[in-house]
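One chain, chain A, links the two complexes that follow: it is found with chain B in the first and with chain C in the second.
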Partner chain A sequence: MLKRLQIVGGHAAIPLFAVLLGLVVGSFFVFLAGANPIQVYDQLFCEGFGSRGCETFDDLLIVEAENDDGELETHFAPFYGERGHGMAIVLEKATPLILTALAATIAFKAGMFSIGMDGQLVLGALMAGFLGYWIPDQIYAATGVADFEAASSVMRTVMHIVVPTLAISAAMIVGAIYSWFAGFLKVKLNVNVLISTIILNAIAVQFVGYMINFPLRADFNNIARTRAIDDSAWLVPFTRGLFSEIEWFRGSRTGVGIIIALIAAFVIWFYLWRSTSGYEQRMTSGSSLFARFSGIATEKAALRAMLISGALSGLAGAIMILGVERRIVDGFASSGTGFDGVLVAILARESIAGIVLVAMFFAGLQQGAINLQFGDLPRQLGGIIIALIILFSAMENFFRETMSRIRHRIAPDAMTQTSDDAVPVESG
Partner chain B sequence: MLKISHKQIVLLLVIAMGAIISVGMVHAQDDGSDCSVDVSSDVEPQDNSDVSFAIILPNARGDRSFIDSAAAGAERAIAELGVEGTIIETAGVQEHDAAVRRAVQDEPDLVITIAVDESIISEIVEEFPDQKFAAQETFFTEIPDVDNLALFNILTHENSYLAGIAAGMLSRTGIVGAVGGGDFPGINLFIQGYEEGVLSVCPDCTVLRSYVGGSNPFSDPVRAKELALSMYADGADILFQVAGRSGEGVLEAANETGNFAIGVDSNQDDTFPGTVIVSAMKRVDNAVFSFVESMVNDTYTPGTTNVGLAEGFAGLSWDDGICSRTFDENGPEDLVEKLPAVREAIAEAREGILSGDIVVTNVLFEEFDSGD
Partner chain C sequence: MEETLAVEMRHVRKYFASSNVLAANDVDFEVRQGEVHALVGENGAGKTTLMNMLYGLVHPDHAEIYVYGEPVRISHPDHAIRLGIGMVHQHFKLVPSFTVAENIMLGIEPNQFGFINGKSEAEIVRELAQNFGLPVDPNARVSELSVGMQQRVEILKTLQRDARILILDEPTAVLTPQEVHELYNVIRRLADDGRAVILITHKLLEVKEVADRVSVMRRGKMIGTHDVADVTIRDMANMMVGREVILQVEKQPATPGDVVLKVENLLVAGMGGVPAVFGVSFDVRAGEIFGIAGVSGNGQTELIEAIAGLRPVDGGRIMLLDHDITDVNVRTRRTEGMAHIPEDRMTMGLNLQTNLDENVIVTSYQKPPFSSYGILNFQPMRELAARLAKKYQIASARVGEEIKTLSGGNLQKVVLARELEGEPKFIIANQPTRGVDVGSIEFVHKTLVEERDGGAAILLVSVELEEIMSLSDRIAVIFEGRIMAVLDAADATEEDLGILMAGGTLDKKE
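Moving on to the complex of A and B:
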């Protein structure tokens, strides 16, 4: 037990150290921009993860805020939801990141370095956005009901289940096929997955941009966009449905999507670490030749991984459209959510629990960076700090080696101990 | 001892350089040209620190056009009216919704949005009925029936008509053109007016059109420059740019090929002296300022306001005093000689428009709800 704790601690220490180092180096640039690093970091984290009244790091835990009578009240910050909580927006933004990071992890764990999440996501989004109004149209035409308002309550309930399910399934299938294509090129023609997915991403983004601008364009608004999805296809956010009374969610469009993402995370964990197929694909990734000689159908395992990966990306796109955006606006395709997912997967070192945490951390930092402007600080500073944190996180091996070298110098006897630690631990 | 190799030193230096450049870009935002409206010092700064507003810009600042103009208006309001203001830049459509919602969280007296999509606005104004909103450059097919939204449309077909007269009279080749951000009514409002202006003085002239489009129509100067270069190659000698920051590419192409251009939104005559003939001004800064002023004077009224040439929200850079004669000083002689005649024709047309004798097509309200 103690040993296990030590290992987990060792795993967490290096990312934390990287974050800290990123902040320290980042403060150099904050100085250059003529701002105070402490103030910038307080603002960055409060805007990202804090509640109302959050001004410094301490306020992330205990916050003091004025109530309606102008008196100061002390609250436990994570549960203090007056006027909305930063974490509610983090949940909204983290949902697609979790799903695309899972998609990336599945592919990586089959030895396929696929970064095609972006293309699969936008294609899935397009499919869901289109079916989100097309299927209800067909239903209304067939039943002669004018629109969602006019439908009977039974019909509404049925449609609320059927339409999103169909749209999401279609999006997942589209993503899976697109991802399978890259896998097929690798397995049959030995085309480098990294290159093929980059190209496939570009094609998908351009194609979706074309579809939004021309065939599916709804009106002549300044920004090209598709028609809004029907209310029956809408995955209603918590603020408007289930938890409309809970102030904590105010201002965020978090909905059932985050629950789907967490379930997906659990399923993927089970698949990778507890199922035979998952074992096969991990073997394929570890040593393809060895796996094949052991009787594992490596090609099949790799293609299966690519299918699952694509389906997850498509799901992410569908949730973004059906739950948050409700229509595809030009610019959505090129916003690069899929790439952020790859980044999250790499930073989380392919651990499932790590993905959930890192995705939330990443989403909060991004939101905090944008909102730096609410404290009259330039938003570009946030971008620099995030980039530095990522950079230092990616230098994991460098830190690990340096640390063990230092440890050797301090206590040469502990050599056997450290080499033990350096073995990557395969755990969720 | 940590041993650092040469490679690692080089890597660190490269990282540091990259970061310094990025910070440099942070600083480089505020390179306002001399022609920008300066905050006049003779106005007594008022103290209205109990009035607050937040303004959401649709993209980053630095286009020397539309967005900078809006930001300038907000800055002028903060300086002259002494109100509390927060200026929020976004990096494109995908951030608009979150930025507006975050602004609402602070509960300022007024949230001003610039060119934020209709669907976002109509959803948010309903969700927060107690928050006052003012939207500039958002066109509705159906204006939501709420009492917390003030819409402000600056109609630019008439001043574009005047700019078209300048282009039509000064063109040497008889071919002029326009480069728009995208093919939609908000932009075609300019281009249609411009085209009619050109044809009114030069019926045999050809007016070419092209649109930047793509995923970032208003901040893609490279693409706009390519379009402009090919239009100049086709014989056009004056191009009207209606594309925000993308338009910088058009001006640059004009400068490189020795041709001419017409600026938009802000006064761009000084960006390339002798190349930019005149700018079709759209006073977004005044619109923003008047929004804030309405909060200070307690005259905020929900509903739609349409303004244009008559109200002084649209015009030409030549109407301005100080730096409105850049082309006279730097332009080629044969064109400068014609300028007095051009100005006379423009003054005549302006009178005609204001009196109603000349009617310029307004393509915007063929598609959208005018609020009348």
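Moving on to the complex of A and C:
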């Protein structure tokens, strides 16, 4: 038991060490920016993880809130009482990260180094954003009901279930097909997945930018944007729904999306580690020669993984639009949420629970980075620190070797055991 | 009179943190001038590491090293070469696109000879080759040479650098029997010249034949050094594995039954579409071991992959128990009774990234009791793994851990256990004991013979002639993608096989 704890501790020690090193080396850049690292880190973390945001920024607080039309408004005001816990905003931002990190992990665990999450996500978002008003339009036209307000409560309930379900499903299908295409290129034509997904991302981003600016442009707003989704398509945030009385959620648009993401995390965990299909794809990634040799249909396993991966990215896009943004604004397509998901996946190393934790940590840092600029500091500092942490945790092997060397110095006899001395398996 | 030792190594210690192996544990080792000193031990015993430390490639944690009585600290191969030490590695380090002469002269200061051009280099090399009785064509490109010739070039390269102490790391692993004998003669001559030759090997017969003294290593420890005349092969084997081993494969004559595998005019392409197997035909019967002998790289890999369903067939037919399986996928072949012990257990035979349970069910996970409705059932997996571990004496790492920490022999037992579970009718055994320790070799051989006696048809491929000869009932020799002959194992001699393996034909002498 103690051994097991030590093993778990060993796994956690290296990422924690990487975070610490990232912060220490990041201090150098903080100094460059002419600030005090302690203060910067305090600001960076208090916003994302503090109980009430940063007290130091009481009077400069930024809160995005919706007015009665559901439009977003930005308040710079000391309305502390209206603000919930920093973690609530972290949940909102972590949701797409969890989903895209799952998408990356499932592809990696089939031996496909796909980083196509961005392209799949924006196509999914576009699909959901479009269907979010188009489907209700059709329903209203067919039933003669003017709008959501005018509908009966039964109709509202039905629409609240049907419309988001259809929009999300379509987004997932679009993402899945787009991802499958990269898989197909790999399996049939041996095109490098990394390269094909980079190119597919660029195409998707440009395409979505075009759609927002031209065919789907809603108005003459300075920044091009699509029509807002219908209320029936809205994944209502907790603050407006069930938990409207709970102060903790104030200021956050998190809602059913985070629940979907957590369920997805569980489903993916189960798929990977408990199902025969997941087993097939894991064996394929461990050694595709081995999988082929054993009779596993490796191409099928890889394509299935790509489909699931794309569906998850599409789901992330749909939730961002239906739950948070409520319309697609120009610039959304190049926000890079998909790639952040890849980084989360790499940091979490195949661990699904790790993905959830790392996504939260990542979201908190991003939130904190926004916060920095109110203290007259470049928000890029946040990005640099995140990048440093990733860099250091990628040096895992180096740390592992160093650590074992240190341990060896301390207790040389403990290390003389070779594999052949290991105890045989006991039956039962 | 006290004789000077060519090499003396004392209290050598080397720990590899990355693999958590103590490769040298207080090792003492000495070599006299003018002797052939064999260094034997199972795979992973630490032989290569010890010699790499002498050659400056690996740095010991602690060591006292004397070369001709002088204490030295060898930091780099250049330094070792200056001390008169030469090493021919397990994997050759020649530049394939260079000529023999260019390879041999590589890195030697040109002004030492006044000028350097192809001509004079070639002359130097020709002279060198003549002096040592190792004829080579100095202008031949290395990529065109046979493995045996390449080795000769490696040896000449060390001699050109005036090596007085010559280390040969498993030099015979890649050679035909004839080439092996030539090499023995060379080694003997070099030693008689007063050089010290250190011969790393795990073939004990070889030790008996050429070495004067032998040092045995086991798991990073030096077990002992003896005059070869004083020890038997069995003694050496016991020292290597630390217990009694039976080297001879005990088996009754085969009682072959019906044809299980029939290969007809098989054509298979190798790398880059170049044909590798040219119209090969043979059949394997129930209850017999059909061995394919040959120097590696003569089409064995392609032939086996085609039969196993891993490589497309360009022509001909493969029949398994009267079913045409030429174009059938791997899973179907396996359900029809095929098992496959592959050449490369690290990437093909096993998934080192996962645990024993998941490795033993890879051919049966889709069936109950290991899964139902697409969901894995862990209990039966665990039970199977535990049962096989016990039956095959697999010394496993902790339960549930990745199997990559297991030794070569134990890994091969995992493959064997999985493949033989479910009573296959046809077994492909491709190099089943490569890189496996003596104890496990014996086990693998015994298991294969048991399967044969149980009625399985076994197709054995090996580049170890000894293995082919002691296990097979019939022997086919493959050379450049063609079967040169099929011999009855009882009539096959090492010489005949060697000639066939080198592409020759047997004169019919009555």
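Here is the rule we use: the second predicted complex is superposed on the first by the 380 of 428 C-alpha atoms of A that agree within 3 Å, B and C clash if a C-alpha of one lies under 4 Å from a C-alpha of the other, contacts with A are read in each partner's own complex, and residues count from 1 in each chain.
Going forward, a residue touches a chain if its C-beta (ideal position, glycine included) is under 8 Å from a C-beta of that chain, and two chains touch if they have at least 3 such contacts.
Quick caveat, the model's predicted, so the values are computed rather than measured.
By the touch criterion stated above, A:T276 is placed in contact with chain C alone, chain B being left untouched. Counted by residues of chain A touched, the larger count belongs to B, out of chain B and chain C.
In the superposition on chain A, no contact is made by A:L307 with either chain B or chain C.
Of the two partner chains placed by superposition, only chain C is touched by A:F293; chain B is not. Residues 274-277, 279, 282-283, 286-287, 289-297, 401, 404-405, 408, 412, 415-420, 422-428 of chain A are the ones that touch chain C when the two sit in their complex.
Taken together, the chain A residues at the contact with chain B in this complex read 29, 32-33, 47, 52, 83-84, 89, 205, 209, 213, 219-225, 228, 251-252, 326-327, 329-335, 367, 370-371, 373-374, 376, 378-381, 383-384, 388, 391, 402. The touching residues of chain C, counted against chain A in their complex, run 15, 17-18, 20-22, 25, 44, 219-220, 308, 310, 329-331, 333-334, 340, 342, 344, 347-354, 356, 358, 362-363, 365-366, 371, 374-376, 383, 385-387, 389-390, 393-399, 405-407, 410.
Across the complex, chain B meets chain A through its residues 2, 15, 19-20, 22-23, 25-27, 29, 54, 86-95, 98-99, 101-107, 115, 117-119, 137, 139, 141, 182, 184-187, 213-216, 367.
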